[in-house]
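So, here's a batch of structures to check.
There are two complexes below, and they share chain A, which is joined by chain B in the first and by chain C in the second.
What follows is the complex of A and B.
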């Protein structure tokens, strides 16, 4: 690596944390691509500007998404990264892999690409970083031969993703993994053949802790919730009291709706006032558990600020049973139908709803307006006065 | 549910639209679908249009592009990707 001089990048190796620079250097002798990646990055640090160009037309036959085209703006100086496309690989639900499966993926990528990858990209996919156009079809063939598939990109359904849910978490109110698997298969066309105005992300969280951040990062968030009472184990609660924990300060005072009280070593929750923020359950996991009547709340329209400002999801359905997913499929298809009909190019569904108005949207997808259709938690309830006018 | 108008015919007409607008306007999947449904009304369904697009793409007559939104375009010319 004698010809590799990267004084600025070297600074990044000095901190306490693992450094991607160190990682890349271990690959630089094996892959000319990685060496030029480091060299180009060093130059962009020196010049304080990026040298990547977005590539318009790369992909694999039949699919309109899954590959992000990337070219160096300085191909003569850095021939190794003259092409440096990213391949999104659809992750297994909850990101569970066997060691064999991982080895399979790594072998494919060592053979066809830079050998560099992300576990995982923000959307959820496993991300293969850097290959040339001619290697895209062979990579795709190698992946599909082992039953892997590409994820979404472009104006399509992005790879659905979920929290680990019932596989590892006692808070799960429905099977997030099963739903992710179901949606990924049911909407193959929407995932691989862009037919939308813009991207559409679906994220599944098993409970209101919302570990996938669905409320902020997905066009459609499916967030587990319960309808009945928080389950209480009073003996376990008494143990928390005996341990000397500051129950008043850590739990009672922090309940946003002040619906918890403690008498002696007993906890009382006025569930009719509980807004299911999860705080008490997170703080006293041995004593408190989510209720038994479980399902999910459906929120719609979150996005990060790209074309317009950031949006949070609005509640569309406060509670939906998640036994089979048909009611949800039906809702998703009505939402897409409306978006097809009324959406503009590069307008996310949340922006479309803001433009046409929530009332029109709700009517358009055939939902009944209800007070739970809030814009943000405990803020701006939408109230529909039409019926009052009609009565007068 | 291809009734009076076959999927092949829809695909051919879509191809015409793509070819005519090449270099001027990028057409999206929804543009092609809307063009067909407004021309033929109930005689073509959205599913027919999806099937026609699939046929165009899988046969290689058209490809997906991505530049300010996903579009359906004529196959790439060698070297054009890097412009």
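What follows is the complex of A and C.
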């Protein structure tokens, strides 16, 4: 690689953490695209700025999303990356793969693209990074021949994603993998053909630990929760006590509602006061377990700051049974209908709810106001009364 | 029977069940508890008594097919061909046989690190940066590399008061969602877009460009008879939204772009409610290839937290207990006028009590 001079990037080959530079260089001889990517990146490191142009309408036939157009701003200098489009591949629920299936994906990308990828992108898709316009349709055909499809991009439903759930976690309060599969397949049209005001992300977490960050990163979060008592194995608890663990400091004092006490080697939980925060269950996994009456809380409206400021999701439904997903489908469709009618261009659902007001929004989607939806009631007296008495 | 030339659309992803290890399939939804055997190694025990072992290793997220093939080869050799990825871009191998754990770790150690479990610093969630993004104010993969080089000891051990979640986003769009991380690095532009009046009329649709600005800072105008736009620079918050819709308004500025450091966010509901990250350091220079200022700032916060927080306190919970004045005091970070919010609902961040430590 005598013609690949990257003295600044070479500094990133040092150190204990796996080096993407070292890795990318293994592709540079095989792929002129990777060589020019490294050369352009070296220029960015020298000049302290990026050299990519945004967008351009590229994609596969019949889809409005799934491919992000990307072009070098310096195509004469770096012809290998004059086109460097991204293909978003819809990931399987829980990011589980077999080596064989993943190898097939890698074969496709070695043949049709740069051989560089993200495992995974921020929304959860497997991201193929860098190909030319003429390879998009062949890539898509190769993917679908092996039963893979594209994810979302632009103003559409983005690929729903989920935590490891019941596949390998004792805390899962519903089947996050099944729901992700269900929603992804049910809403293929919304995923592949942008027709929303802006993007719409759905994330599934199995419990309030929220490993997919649904409360912060998804327009619609479905987060597992239970209603009844925490399940206790007193014998296993006694073993924690016998081990010399500081139960008082590590568990009792950390309970946000102080509903835990210890008598001898027995743990007592006032479940009527428990807010399902998960701390005691996380800390004593052998002794404590989520309850048996399980479902999910539905939170709406999270997003990063652009443009009106960051939002966390807020509770729409504090508990919904997840034995089947019909009630959820119905709610999602009512939310989309309201957003379609009242939302503005490039306005996320969370911003839309704040603009129209929560009361108007829930009335629009057919939910009753309940105190679980709020942190506290309003502190200002400017109430828009809709009903009042009139003289007869 | 379908032919290979048939064009298939809207088939969705393959069913996940075919990718589940037989032990996982058998004990699906029937897990009893899990233990961390050592950093990077989990054992999940099912009600049936079956155990599945997980070995977790770091990935740079931006990888080549060569790197990925190393992972699939190791999965075939040690994990019956089963692997998965986590929401923080780690790779996990699912092992039926406990005896395969150490040989797998040995082979992984040749090219990556094993860890990221329990009270550790796990992999950094991050964005594309200069490798692939048009609006980035900094690189992401490079920042992750240099920060994790510095903190790798916390990835391979479990000695912190609690887990620390790091994130890097290369501009305010925050594809990396740094708004709810224990510590985050955010790329920032600090100057308004420059307008290429020559090419703007050909490249951009003016009403869309005007509408793209969240602060109504962009107005249509004409210069020498050519339709273009002007920017009210006092109103610009450097978000780069206009550049996304109009390539004739570049916002990258090598002299002024850099990074800011944010602290105290969390996602989980454990103990305390989810929290947003707050500004710690408003600006540090882009200093590739190893960003010594940013790396040092993050390391300093981690070390002050490690020394002062109580067990089970996340960074935000620790700061909440000691108060912000003490956070700035202990970390030595300078408090500036930029720490005072002046955007929407800024007043909610003002101190409206006398509960301060003297």
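What we mean here is this: the second predicted complex is superposed on the first by the 374 of 392 C-alpha atoms of A that agree within 3 Å, B and C clash if a C-alpha of one lies under 4 Å from a C-alpha of the other, contacts with A are read in each partner's own complex, and residues count from 1 in each chain.
FYI, a residue touches a chain if its C-beta (ideal position, glycine included) is under 8 Å from a C-beta of that chain, and two chains touch if they have at least 3 such contacts.
Here the structure is a predicted model, which means the values were calculated and not measured.
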Inset, instruction - Have a look at chain B and chain C on chain A after the superposition and call it: clash or fit. - result: fit
Legend entry - Which superposed partner A:189 touches (first chain B, second chain C, both, neither): both
Legend entry - Which superposed partner A:198 touches (first chain B, second chain C, both, neither): first
Inset, instruction - Using the touch definition from the top, say if A:345 reaches chain B (first), chain C (second), both or neither. - result: both
Inset, instruction - Determine, for the superposed model, which of the two partners chain B and chain C contacts more residues of chain A. - result: C
Inset, instruction - Kindly classify A:62 by the partners it touches after superposition: chain B alone (first), chain C alone (second), both, or neither? - result: both
Legend entry - First (chain B), second (chain C), both or neither touched by A:135: neither
Inset, instruction - Give one of first, second, both or neither to describe whether A:102 is in contact with chain B, with chain C, with both, or with none. - result: second
Inset, instruction - Check whether A:49 is in contact with chain B, with chain C, with both or with neither, and answer first, second, both or neither. - result: second
Inset, instruction - Figure out whether A:149 sits in contact with chain B (first) or chain C (second), or with both, or with neither. - result: second
Inset, instruction - Check the superposed model and tell me the shortest C-alpha distance between chain B and chain C, rounded to whole Å. - result: 5
Legend entry - Overlap of the chain B and chain C footprints on chain A, listed as residue numbers: 53, 55, 61-63, 189, 345-346
Inset, instruction - Over in the complex, which chain A residues touch chain C? Could you list them? - result: 8-9, 11-12, 14-21, 23-24, 26-27, 34, 37, 41, 44-45, 47-55, 61-63, 70, 84, 86, 90-103, 106, 109-110, 115-120, 122, 124, 129-130, 141, 144-145, 147-149, 161, 163-164, 166-170, 172, 175, 177, 181, 184-185, 188-189, 192, 208-213, 215-217, 249-250, 254-256, 275-279, 282-283, 285-286, 289, 304-310, 312, 345-346
Legend entry - Contacting residues of chain C [partner chain A, same complex]: 4, 7-16, 18-20, 24, 28-29, 31-35, 44, 52, 54, 58-69, 71-73, 75-76, 81-87, 89, 91, 94, 111-113, 125, 127, 129-136, 139, 141-142, 144-146, 148-149, 152, 155, 169, 172-177, 179-180, 211-212, 214, 239, 241, 243-244, 247, 252-254, 257, 265, 267-272, 274, 276, 286, 288-290, 311-312, 343-345
Inset, instruction - Using the touch definition up top, name the residues of chain B that touch chain A in the complex. - result: 28-30, 33, 46, 50, 53-54, 57-58, 60, 63-70, 73, 76, 80-83
Inset, instruction - Would you pull the chain A residues touching chain B in the complex into a rising list? - result: 53, 55-59, 61-65, 69, 71, 75, 133, 153-156, 189, 193-198, 340, 345-346
